[in-house]
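Look for chain A in each of the two complexes below; its partner is chain B in the first and chain C in the second.
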Partner chain A sequence: MNIVVAMKQIPDLQQIRIRNRQPVFEDVPLTLGPIDKNALEAAVAIKEQLEAQVTVLSAGDENVEDTVKEALAAGADQCYLVLDDALKNAESSVTAEVLAAALKQMEDKPDLILFGEGSGDNYSGQVGSRVAAILDLPQVGYASAIEVGEGKAVVTRSLENCEEVVEVTLPAVVTVIAGINEPRIPSVSQILKAGRKPKEIVEPDELNLDLENAKTDTLSNLAPETQRKRVVVKSVDELIQALTSEALIGR
Partner chain B sequence: MDFNLSKEQELIQRAAREFAEKYIEPIGHQIDVENSIPPEIISGLGELDMFGIPFAEEYGGAGSGYSSYVLAMEQFGSASSGVAMILSAHTLGLGAISVFGTEEQKKKYMPKCCKGEHIASFAFTEPGTGSDPKQIATTATKEGDFYILNGTKRFISNAGFPGPLVLMAKETESGRVTAFIVEKFCEGYSISEPWEKIGMHGGPLLDIYLENVKIPAENLLGQSGFGYPILQLGISYGKVGVSSTALGGLLASYKEAVKYAKEKTHRDEPIGKFATIKVAIADLAEKYEASKWLVYRLGYLADTLKDPMQFAKEAALAKDFVCEEMINASRICMNVHGSYGLMKDYKAERIYRDSIMGSQVEGVSDMQKMIVAGVILGMK
Partner chain C sequence: MTAILIYSDQDNFALELVTAARSLGAAEVKAVTINNEEQAQVLANAGAQVLKIDNEAVVSADVAAVAAAVAQAAEKAGTDTVLLTSNRRGKELAGRLAQIMGAGCLTDVSSIKIEDGQIKCQRNALGGATVAVQTITTDKKVIAVMPRTFEAATGAGGSMEAIQVNIPAATIKLLEVKAKSGDDVDIEAAEVIVAVGQGLNDAGQLPMIEQLAKKLGGEVACSKPVATDKKWLSEERIIGLSGKNCKPKLAVLLGISGQVQFTVGIRDAKTIVSVNTDENASINTMADYILVADLHQAVADMNGKL
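Our next item is the complex of A and B:
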């Protein structure tokens, strides 16, 4: 069984500084998207039960080669990287084209393709669905549990008011939510072995892709303004009332 | 000159930080009050290979050197200096076996220790001596292919965990000090109740009683009469652990003070607006940064320096500076907290008590200065 996990390189959100409500990205260390890490953990958990090989797929600039070690340390067996400077801030439709082309190109045909529900930086939540559409594969979103069987998977979807259990034939695309698991902390030995795991690196033109106009320009990216309400309460009762009226408790 | 961490080092640091923040920090106060560390913490650290970071892969270690070890230790020391003390004393004991042990000794003792299933100790101090090997009273008497050990060892870290103990004893025949490997809890080995220390709670400190402990002659470490060089080099490596634990304390002081300066308000403004608090925060940042680079460099030197005297000097220099700065930093952190800093509800109180530990262990600060100046001036 071949599981591919698509993971996006993003700036470490905990280390981004905000200046004049603008995020400062300079000199911020790179990491992989937090929900992508949940997707990887889900893949590794399946691998621990069945015979499976986990491949990380990532498209981005040359830094990805180093950043992906994080995924290789956390249990992926190998990686497949599409590297080009133009892929750094690529728009979702372009990223989806690139990933779909890479998936088609892979020697070991993927049975299960996992994504995080949204990326850690933009959270547009489009890439998984777009890849499924391009490859004409079934897709299940909002996965909070995945059970793989013979040629199919049973996926629990966590929706706003209910849980839905669906069966999907493989190969399929599944996008997972953060609550699906808790990603493991890699051991020191696994971290040191990460760099020695197999990796395949391709350039976009090897996949017959033209990345002209791939970049989006961000015109404005502002931190939300939080207005403190400065409500003064004189008793616990008043506090409870205030919190209830804000729908923070007692829903 | 390159001050960047490699990706691997960055990930090791992050793994240690995540484990510390997720599992140790939330029970930091509990560890302090109960003076013990839950076994899940020890086994969790073992699974992440934190007991074997600097040791060779062929003996079960991670093979990542002391330069990675200091990065992890800083994070553990920041969450709980008791946890860091266990790792530090363990690495000191195991380090002696890794440097001076025979192939058989290394194969026998290191793999389980690197996984944290066994925890190593190093025993020099006795009721009658903490700095002077000439005064060692524990005896080793050769009987055929065995040695018989008798004596009391004081203030021994990790004495209550199973695993190997590197022990300094005086050979009755020659009067020379020799190092031996003793398996803790063998026949004739017993321990006291843990000492109640001012700080570093959870880091277990006990006395050891040896009563006719019989060990095979092959458990001699290094050579007969080689105890002093093993002690000196071992302690130099040990100072890498003590320094990085203290660096963790500096980091904790810095983080707690910054947090409080932003949270605590006077007339609706955070106290960080006051010039006095600003000076305190800047002082903490300076102390932390200076100590950090000294400790990271010491980790690098532990991996690369060949001359034991030079290394002894560098280790003494860093240990003295960083441990003293941790005391200063914990005091500043307490000042930022005002009276709240004196209360057990705040971490500042624990950091303050922990801070005095580093400057006393493995030689008090003045003794470190004697080593540093002795090497620089070429005079003992």
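Our next item is the complex of A and C:
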């Protein structure tokens, strides 16, 4: 069984500061998307139950080679990276073309392709669906549980108002929600071993791919303006007084 | 804008999309419905030109089938632009539909308008730290709009027409549908929110939080870990990126640190009160009133005084 987990390199969101409403990326470490880590954990959990090989697939700039170690330490067996500066902040449709081309190229045909429900920075939730469409594979989104059987998987999909349990034939694309599991923290020895795990690195050219133009354009990306009073009150009494004078309580 | 096609699996959201399409100046608002006679009626009554698909092969759990159906409807309707709802089903559909239509796609769109001849969409980026204004540069467009961004449409003069679609064999079988544990609270509609975070010591303290919410005439909400990790409250009550987007008159935030994934869901509140033991908690930078105190003590005090 071959499981591929698509993981995106993102800046550590907790460390992004805002200056003049602009996000500042200087000195912000790179990591992998938080929900992508749930997808990896789901793959590793399956591997612990049956014989499976877990491959991390990522498209991005050269830094991915280092960032992906996190995933190799956390239980992936190997990685397949498509690296090019143009892929760093590629638009979802472009990323999907690249990932789909890579998946087609893989020697061990993937049976299960896992995605996060959304990437940490863009959170568009498009890439998994687009890849499934390109490869003409069935897809199940928002998985909160995955059980793999012979040639098929039973997936519980968590929607706003209900849960659907569906059976899907493999190969298939499944996107997971953060609540599916708690990603493990790798041990020191796992971290040390991560650097020695197999890496396949290709450029878009090698996938016989002409990168398409982005289909969307970002006109601006600013932190919202916040105009808050920021009045420090010293006691509950003072707070009640303030809220009462604003007619927010005691009506 | 000539014609726009809308689709949502939920009636109320579909009606909101009719309003969205009209706001973009669509000459004709077309709507596709799938195995849902009732929704077809509702949309026609609101003035939409409904394309009805009646085909057992289009199972709602099979996104591939739904995408194929909607793409064919768009073709038949002669529309380049499709509006969907950015709920989970809608988001999942958006990418697949966009790919088969050859369309650019934006999801989680919280505001959409025509400006300089372009459709400008606003959506959160960087986990909510920023708000991006984006456009789709291809002729074909798929836009998934957040629920409740528009009012439900009313109107008249709609129509209905049955259409045929070809759907490939199903690769997904629906085995079971389980209802979610029945918390039907709607925190997005609440005028007052009392939200608790991980500063709350234990679930045993919840009754006093509920009491405060009641005294203020509001609902209890929470940060994500309180629902997903601790399971003290239902996921229906989560505020933020993966939860609800609330715009109450008053939000009282108790023991919440203010990570951006949380604050995106509350930053449109009119007045924000933060109670936190840490005077440097980042939530305080976006609060109107800041009380540096133990929340348990403060809530007990407020309950006593209100």
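Just so we're on the same page, the second predicted complex is superposed on the first by the 215 of 251 C-alpha atoms of A that agree within 3 Å, B and C clash if a C-alpha of one lies under 4 Å from a C-alpha of the other, contacts with A are read in each partner's own complex, and residues count from 1 in each chain.
By definition in this document, a residue touches a chain if its C-beta (ideal position, glycine included) is under 8 Å from a C-beta of that chain, and two chains touch if they have at least 3 such contacts.
Note that the structure is predicted; figures quoted are calculated from it, not measured.
J.: Is A:S187 touching anything from chain B or chain C once the two structures are fitted on A? First, second, both or neither.
T.: A:S187 contacts chain B only, not chain C.
J.: Which partner does A:V168 reach: the first (chain B), the second (chain C), both, or neither?
T.: Once the two structures are laid over each other on A, A:V168 reaches chain C alone.
J.: Have a look at where A:N221 lands relative to chain B and chain C in the superposition and call it first, second, both or neither.
T.: In the superposition, A:N221 touches chain C alone.
J.: Name the contact category of A:L207: first (chain B only), second (chain C only), both, or neither.
T.: neither
J.: With both structures fitted on chain A, tell me whether chain B or chain C touches more of chain A's residues.
T.: Looking at chain A, the partner in contact with more of its residues is C.
J.: Give one of first, second, both or neither to describe whether A:M1 is in contact with chain B, with chain C, with both, or with none.
T.: neither
J.: In the overlaid three-chain picture, which partner chain does A:Q14 touch, first (chain B) or second (chain C), both, or neither?
T.: In the superposition, A:Q14 touches chain C alone.
J.: Considering the complex alone, what residue numbers of chain C touch chain A?
T.: Checking each residue of chain C against chain A gives 61-64, 67, 87-89, 91-96, 98-100, 103-108, 120, 124-127, 129-138, 171-180, 216, 228, 241-242, 249-250, 259-261, 267, 271-273, 279, 284-293, 298, 301-302, 305-306.
J.: Which residues of chain A touch chain B in their complex?
T.: So the residues of chain A in touch with chain B come to 29, 66-67, 69-70, 73, 185-189, 191-192, 194-195.
J.: Which bits of chain A are touching chain C when the two form their complex?
T.: So the residues of chain A in touch with chain C come to 11, 13-14, 16, 18, 23, 92-93, 96, 120-130, 132-134, 138-142, 154, 157-169, 172, 175, 178-179, 213-224, 226, 228-233, 235-237, 239-240, 242-243, 246, 248-250.
J.: Considering the complex alone, what residue numbers of chain B touch chain A?
T.: 7-8, 10-12, 15, 18-19, 22, 47-50, 52-53, 57, 62-64, 68, 72
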